[in-house]
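One chain, subunit A, appears in both complexes that follow, with subunit B as partner in the first and subunit C in the second.
Our next item is the complex of A and B:
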């Protein structure tokens, strides 16, 4: 495989598989492209997709955020409490502020107490969930049915030009994230740090500031995702979205972002999220028992990573440079160092 | 710029995909596509025997009516519950039956069903304050009454003259469980007994054990005790045994729910009785109500305020425990 083809696969490989799946979908599920079903798939994929965008930054920087499941539960619960207390504006502000606060707590633990990200966020996963459980001791927080006409509920239900609003929000998040990762010095610092923290430090990149940036970004993405989640499900407690963190990481990895850091593809993550949603929709509509659904999704992840591993092993020399610079084989741009 | 190069094709693909969609709203909203009625059943979790029986009852009753049956498994997940139940509505089911993992997540499902004119029958768990057409629940008050009638008879058979009995309740937020106690209290008092202690064991075995010890210490002549669930019932029976008495012939100990450990205890004489719910019959009842809702017939409610329809329960004692699975 030559370099340019390899590069193309890096970014668009999973997208190609997604398009292939979309071509097969109507054969398997005749109703797949009904407007209702297509909208449902897109609406459903938004909260996973939005957090996966944030997680792409974390993994590209060489770190995990395992606490996103706890963050999502906490953001959802606090947002519903905000809605009960002060309506839509407070609910939105509460979700975003809670997400941001969770991210800052994570970054603080990692940088000030020098706990590795994996361990720190594993701890806060339990802490955030625990707090969400305490807040919902008297039962789950909910949106009452009589609030059906409120603007807050509309976030999850409204369509903009045929596209569900949660999906439109997800598109906007990916647009912003892509610019941030590919077109700003901050994004290049994230990739450089992920490739080699030592080299990045020599270039003058502050590890502390980078950690705060990345984990705050993940927290904020969870805050946004929580808004699209609760306005669709209308209820949350401490158990909301158990195991969410692993689904997010699976989507990011499936998209082609390397767990070793230094390489991140938002287009890949985006396509992987849709791939998982489409596949899930097909399996459910076919009445495949839930145990087999899990096995199929796990199998897809393993196959995708195997293909990727084979490709990397036989790839042209350009891949080495890519791995070092995190620049997709392009010449590193000036501005890497401050 | 590069941004355009990447995102314009992506959005274009999305737009194309949606443009190719057929608007299923366009053709006759709410009306079945053909003569065959399609019923969707969204089940709490097929891992549990209780819901396997409920699914069987629902499916068999629907098939007997000549309906097409579509199943969705919520897998104990509120997100899956909303996504899957809404997908059933998208697929054009004529009526939706749902045993909700989180009753508080029924809102968006019923909102969608209402928009499409699809009736919703809830099976057990709770209604979450949403405008469903009907909810089927076990006759909890009736179960309490069965327990009371059995207890009165057994106390007489034991040759006890004491008219003092007690009950161990669940936490106050367990609304349906509270009805068990209310039904028990009403019937046992009507039989001339006095409930001398009515204490909460918070649904937990260890608290049920402690509460029973207290009851026996303060009321040494207590002749029977009713617990609102089986973990507490079996624990109370253990407390009776630990006090050197028999939970059948000395202090008639009755539980509720027919949990496996309660059935085992009844077989071994370690518990007097329990009350069994019948999920298979509950499933069949939801299908009957679904038919009535589709035909716009009036539904007879056990409790009209909450649109509740009660399904009968069964008393389980040593005599019939072998027939309960």
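Our next item is the complex of A and C:
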């Protein structure tokens, strides 16, 4: 495949598939574009999407944050406790501060104790969930029904010009994240570090500062996401959103961000999040049981990555042999369209 | 020996190996008799490693023939070499650190119990012990390889070669990382192998070892065969002349340097065990070369100056002021540029464009009107400046750097090193792996940089380059400065003497 076409696919491929799916959606689900349904799809995609924006930075820097599920549960629980104690302002502050603190704990483990990100965040996934369980030993934290008029609840329920507020927040997060990744020195350093940590060191990029930035950013994104999540479901305990981390990573990878680091696309992540939500909505409307929905999501992920893998393989000289034998070899990679 | 009528065990004829843009071997011939230790010498880049890789089945020749025991020998993979009885021991060992010595020796060929298919540990341990007895060394076959010293690991590699009844054992720089005692022991082992009737191809920079252990020597230069002689009929001086044998001045023009003020001064700087009490100065407009054999502390020296390796003793002065960089970012802010010797692993950012690869060293300076935001226009401007100045051949700023040739990648990295200000440039192996055209361009560029007043530290294992464009040369050996050569003392013979024999040569300080 030629280079420019390859690059175009990297950025817009998943978006094209999303548009294709949107074109088919009304055929499968006649009321797909009804205001109610559209708003519901967008509202539902927000918390996944917001965390996926943060995770795009982590994966582009060559790391995972497996703890986001635990972070979401903890942020939600602490936020509800904050609301009970001090209303909307405290609830918002508690969610953001908890997310940030979780991110700093992760970064500290990785940089100070030199635990690889994968292991450190796998550990904190359990720790954060564990803390959330302890805080909800006496039963899940909930928003009482008499609070329906509270500004806090409106975060999840309000529509702005027809768009659900969680989706508007998600749009803002993606706008900010895009500028951060593409138009700031820090964003460039994230990509440089993900591409080659050793070369980045000799470009004056501090691994410690970069890790703190990335993991704090992920934590902050979880804090924001928790606000849109908790005001939708009104209740949280340690088991909230079990398996969330893998859904987030699946969306980022589906969007085209390289698992090897060095390449991140927020447009791709955004489209992938919507793709997953639309697909889910279509399956639900067809009465497909949720167990099958998981299988479909897994299948989509595998198919997308297989196509991507084949494309990068066949774009390189000598690639046919490697694709057949499955051996990488030590040949240089000129002309590799990645 | 072959030239006394003994039939050759291994014969190499007209061997040519071509890589894109380079002819690594050009019609090389030599032969090895049974029970002979045959030394292979030459400068870096002479083609020794390529020759070994052909014998080991890693490279395939584009022309020429190798015959083993009268039959054509054409290994297509390393296993073919092993089956033919040729064991190549590369500088990078092929050992599993977590397995035992005996498991490594018999790896992939373990005798197993006919019923349980379990490995017969008693047997492999006993047989490994027998092999070490043949070599005259004591190594515990049940010890994990990770617990061994480098020299012991080498002996495990040799035992591995013996275990498959290797008739020809090829050793690539076997003593590079060994202490003097260990070298003595290794040379004894080589003599024992010869006494066993096995042949050894011994590649080394260290001519004293070659004279101590080898029967004949073949000298390679620039991929060509220069001479094969019995060691009894030659001398160190003669070998060095054959290895060097080239008009150095013609290839590397360098005008008279106008050295300015001292830019950098190192005063007994140490860094762990790699660098010990190194003192040197670099003046503005000067190219200071750093030479020595591999592992003598050159990369460590460059990294200490760039703040990438902590100083454990001594002090540095930059422009006369105390200089204690806390990381490469500090060094870059002070106007120091750095070129890493390993372009692929620690130079290029493979997923990024040529423009981004270049501006990564000046991200603080390519900001636009919006303050903290990067300005694509400013970045493209920086790219255009260096593309023109360095004659980078790229399709555009957005091309991925991995798609450029080695020489063009190197030019982009030069731009990255120059962009922070060009007060001092640290260049590690600036022309490694680039073709001859790019090499000349890069040398001209280094000349220009110094003409503009920058000081340059150039580390090069390419002796003609080191001597051809450096104004002064420091030679490192074992992490220490073993020589400082200026003026007419800058000869390959002097560099090699300082680097390989431990003799120290210091040119008289110029009166200034």
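Details
Just so it is clear, the second predicted complex is superposed on the first by the 315 of 338 C-alpha atoms of A that agree within 3 Å, B and C clash if a C-alpha of one lies under 4 Å from a C-alpha of the other, contacts with A are read in each partner's own complex, and residues count from 1 in each chain.
The working rule: contacts are C-beta pairs under 8 Å (C-beta built on N, C-alpha and C of every residue); 3 or more make two chains touch, one makes a residue touch a chain.
No experiment lies behind these values; they were computed from the predicted model shown.
Upon superposition of the two complexes on subunit A, no clash is found between subunit B and subunit C, which fit side by side.
In the superposition on chain A, A:122 contacts neither subunit B nor subunit C. Once the two structures are superposed, subunit B and subunit C can be ranked by residues of subunit A touched, with B on top.
Contacts of A:37 after superposition on the shared chain: subunit B is touched, whereas subunit C is not.
Applying the stated contact rule after C-alpha superposition, one finds that A:289 touches subunit B and leaves subunit C untouched. Of the two partner chains, subunit C is the only one touched by A:200; subunit B is not.
Of the two partner chains placed by the overlay, only subunit C lies in contact with A:189; subunit B stays clear of it. By the touch criterion stated above, A:179 is placed in contact with subunit B and with subunit C alike.
Of the two partner chains, subunit B is the only one touched by A:145; subunit C is not. Of the two partner chains placed by superposition, only subunit C is touched by A:263; subunit B is not. Overlay on chain A (Cα): least separation between subunit B and subunit C is 9 Å.
In the superposition on chain A, subunit A positions 179, 183 are in contact with subunit B in one complex as well as with subunit C in the other.
Note for the complex: subunit C touches subunit A at residues 306, 308, 327-329, 331-332, 338, 340, 344-352, 356, 360-361, 363-364, 367, 372-374, 400, 402-403, 416. By the touch criterion given at the top, residues 2-3, 6-7, 10-11, 13-14, 17-18, 20-25, 46, 70-73, 75, 77-79, 82-84, 86-87, 90-92, 102, 104-105, 107-108, 110-111, 128-131, 173 of subunit B touch subunit A in their complex. Looking at the complex, you find that subunit A touches subunit B at residues 19, 22, 31, 33-40, 42, 44, 138-140, 142-145, 148, 156-157, 162-163, 171, 174-175, 178-179, 182-183, 229, 232-235, 240-242, 267, 270, 281, 284-285, 287, 289-290. By the touch rule above, subunit A contacts subunit C in their complex via residues 3, 179, 183-185, 188-189, 191-192, 194-196, 198-206, 258, 261-263, 332-336, 338.
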